[in-house]
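Presented sequentially are two complexes of chain A, the first with chain B as partner and the second with chain C.
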Partner chain A sequence: MIDPIFLVEAAVNGVLLGGILALLALGLNLIFGVIDIVWIVYVDLVMVCMYAIYFAHVHGWPFWLAALGAVGLGALLGIAVHVLVISPILGSPPINQLLATGGLLFFIQSFATFLWTTDHRSVRFALPTFEVGGIFLPATRLIPFGISILAMLALYLFLTRTFAGTAIRAVAQDREAMALMGANPRRVYVTTSAVGGLMAGLAGALLVFQYSVHPFFGGQFGPLTFMICVLGGLGNMVGAFVASFIMSEIISIAGVLWSTEMGYVIAFVVFIVVMFIRPGGILARPE
Partner chain B sequence: MTGIAAPDRRPAGPGTAPRALVAAAGAALLVLPLLLTGGLGQYALHVLIQIFVWAFIGQAWSLMGRFGLVSLGHGAFLGLGAYTDALLWNFFGLTPWLGAAAAVALTGVFAAVVAYPCSRFRVVGHYFALVTLAVGEVVRLLIIAERDWTGGSLGLTLRPARTDGLVALQFADKRVFYYGALALWAGGLWVWRRLDRSMARAAMEAIGEDETAAASVGIHVTRFKIGVTVLSATLTALGGVAYAQYITYVNPETLAGIGVSLRIVFAVVLGGMYALLGPTVGTALTIALSESLRIAFGLRFIGMAETIYGLLLVLFIIFLPAGIYGGLARLLARRPAAVAPAVQG
Partner chain C sequence: MLEVRSVTAGYGAFTALWDVSLSVAAGEAVAVVGPNGAGKTTLLRVLSGLLPARAGHLSLDGISLTGRPAHEVVGHGIAHVPEGRRIFPALTVADNLRMGAYLPAARRRFAESLAGVYALFPVLAERRRQRAGSLSGGEQQMLAIGRALMSRPKLILLDEPSMGLAPVMVLRLFDLIRRVRGEGYTILVVEQNVRQVLKIVDRAYLLEVGRIKREGRAAELAEDEFVRKSYVGL
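Let's look at the complex of A and B:
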């Protein structure tokens, strides 16, 4: 029998992981909700930002400046993906759009392999670990979690309190009506992609604390991230937030009870089953 | 949601090509291995075998894909097929013939179990794509998790048979595999044609365009969807068995999960999923591209081949959504008399 303390620790780690997953999922879900496209490539943009931080760090930049740079780079990448790949095929069937971002995933992964080889690279931080009631809480997990929660609050305020945010929410609700009201959906799309990319950059800066970066980093979090988005409900921010924690708890606890792979297997099976019972996401009312 | 591009209603490819042309092409493919001798010939055979096997898998995928059932999880069926075959042979010495039968049966049941709720609860479009993607990942992770007997991420080597032969389906001579792969590929084309000329095609097209409307005219939506999914999955499993027998090594990364699933889809999209020879052209192009880039750059530029490949894919989806072969066939069909009388037949 497993000591309950390990389960508690797993649950706490699940919460900390959930914070990061939520940040990833919210960025993707924002794009998902507004432009109605799954950016399969999303976590690979995060990977590029992580590389940027790593190399800035190697060149002696202070971490905060590198992180800031990564956030800016993320926003630029987001805009580039939208302008170069998505906007020419906005009218195509959704599956084409999905596949186009999938092609981009191949491109970025392979180009990263070409440029930086498959070596795992990590930024090492000398940060303390706290012990609370027998549970170890490393600062490398606590700090990203805290910043992630703050960033999500900021996103919430941006979406509800600013004009651009309101426009984004309006388009997410009804694309045609927005165009009729004289708003420019194109500008809203670019803004959304920039914000989504910015979140990817930030997520990259937070993931660097705990994970080493390599060209196939996207595979580690990619499938999970878009499953969280669908699980939470397309474009439903609260849903994605809740779904992140459900998935991270399943992965953490099942990971301790059985194995890491089984944790993911159970999480994915839960996703598949929920899709059958509640295609609209966990927070949708059953039809 | 109809998929990559509006489906071409007219059957394209050799379906309308003159019989003489088909016969000549067939004869050329049959004679080819006799001309390919020496080291370079062996290499050419190896590339051709890969093309036939993966084109067959691409054809199997397209059976669903062209009716709007875009699956990003065919790696699940591929892996299930290959591992069932490999494990039965390694642990029980079961001949791959029975192994293939078991693989097909198992994958068929598995596909039905996935397809039933998908069509029952109307999981379509990118929801379907993501559910299948999850299924593919589940199979990959299960193979890794059960490392005690699957070898985990290190993969599994097929136990060599005492003697070459039909029982073990292991041959030192690549030509045997060539003819086997050719037969498999031709069989795939035959299935495609059969489906194309059946009522199922009309039904599936109607379902792909509007499920409710299809159901209202009496089409049994669930039955057709499950049928075509099971067909596609079992053929994919067969492709997995063929691959395992030829390479004699199976690995979860190359046979299951999101990577290989996307690879199958991309080769098909590149060639064109609505044309009979589309998957073949796409597969041949991607394999030829990666092989030639590998030869050109060797080990110096690892990743360059895939980089170009990824870039091409994005450009294709933007500028030529019907694929190379599909787009070309359509272009020729538009000006039949002037450009290609042969296509008209």
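Let's look at the complex of A and C:
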């Protein structure tokens, strides 16, 4: 029998991983909720931002400045994706829009391979690890978790307490009614894409603490992020938040019991089963 | 105030409005009545810019609105209360009203407009922290009208305000529309409840299969043999 302390440690690690997954999922979900398009390419934007941090770091930038730069780059990439790829095909059938962002994904992956090769690159941090009651808590996990929680809190306050944020939620609920209020939907889309991109940049800055970056980094987190959004009910922010922690716990605990690969297998099985029982997501009322 | 000249409009291969002309003078309340599928909703969608007209001209106070998208039309003083109310269900009542004052000019007069709406619909003030989706049908209709008033419009377009309401609420709602009118707003209302609506408007148009069939003073139309037989059910 496995020592219970390992299970507790896995559960804690699951929570720490869940924070970052939730940040990714909320970014993707925000864009879907407002524009009705799933950015399959989302985590690949995160990857580009991670490269930016890596190279800025190599060139001697202090980490905080590189991270700030990545957040700004993320916002610009978000706007670019919307204006260059999404906007021209807004009136097309959803499947074409999905394929277009999918095509962009392969473009970014190939271009990253061409520019930076398939080498794994990582930023090394000299940060302490704390021990609390036999559980090891590395600062490289605690800091990203703390910042992602703060970022989600900031997003929540932005969406609920500011005029621009309320307008974004209103467009997500009824685009046409919001046009009748005088909001130009196209402008709200650009704002939303910038906020979503900004969150991708921030996620990149946090993932760099624990993961090395390579051109196929999107494959590691992209499907998982998408699955979390569907599990929580596409567009449902609270659902995505809860689903992130369910998934991260499954992966983390199964990882200790068997192996990380098995953790992903179980996570995907749980996903498929839930889709049969509650196709509208975990928070939706069963039909 | 509102001038509609020879407007033709539709969806895809389907033409819903044929050569429709009408006008509304400042301070007037005008109804467009007619059966289901006559093109009443399409007409309002064209007026607010949600649907571009294929042909014809629209203007408000002499300013051409032909071809303008909805988010520009509202800035020129037309507020559209759409069919089915279309409030933002997950937003609070107060946030719905805030969105009504989205444009900068309206936002500057937000406090004043809000006080006016709350005076007109006190129930909205009581429920301002509630999710709009939790309101009753009648309250949602009041919210939809209140939200439209927040943009400080010159002309309010009401699409089937009595739809889906209990009979008692229908009477109250028509009374409220009369009060909105008393505040000096100009109103163009589309209704299937012909008998009730003819009591609160000055003039009316009868729309059938996309064409204006009759027009005249409300009292005259209410007595018109054709209208009585077909719509008033007497």
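We take it that the second predicted complex is superposed on the first by the 287 of 287 C-alpha atoms of A that agree within 3 Å, B and C clash if a C-alpha of one lies under 4 Å from a C-alpha of the other, contacts with A are read in each partner's own complex, and residues count from 1 in each chain.
Keep in mind that, in the parts below, a contact is a pair of C-beta atoms (placed from the backbone, for glycine too) under 8 Å apart; a residue touches a chain by one contact, two chains touch by 3 or more.
This one's a predicted model, so the numbers in the text were calculated from it and none came from an experiment.
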Task: Touching partner for A:Pro62 - first (chain B), second (chain C), both, neither - done: neither
Task: Partner chain(s) touched by A:Phe268 [first = chain B, second = chain C, both, neither] - done: first
Task: Touched partner set for A:Glu176, first chain B, second chain C, both or neither - done: second
Open item on the list: Contacts for A:Leu98 in the overlay, against chain B (first) and chain C (second): which applies, first, second, both or neither?
Closed with: first
Task: chain B versus chain C as contact partner of A:Pro223, first or second or both or neither - done: first
- [ ] Would you tell me the residues on chain A in contact with chain B in one complex that are also in contact with chain C in the other?
- [x] none
Open item on the list: Which stretch or stretches of chain A touch chain B in the complex?
Closed with: 38, 85, 88-89, 92-96, 98-100, 102-115, 117, 215, 219, 222-223, 226-227, 230, 258-259, 261-262, 264-265, 268-269, 271-272, 275-277, 279
- [ ] Spell out the part of chain B that touches chain A in their complex, as residue ranges.
- [x] 1-5, 68, 70, 117-118, 120-123, 125-127, 129-131, 133-135, 137-138, 141-142, 144-145, 258-259, 262, 265-266, 269, 301-307, 309-314, 316-318, 321
Open item on the list: Help me check something: in the complex, which residues belonging to chain A touch chain C?
Closed with: 163, 166-167, 169-170, 173-174, 176-185
Task: Contact footprint of chain A on chain C as seen in their complex - done: 48, 50, 69-71, 74-75, 79-80, 82, 86-91, 95, 98-100, 102-103, 106-107, 147, 151
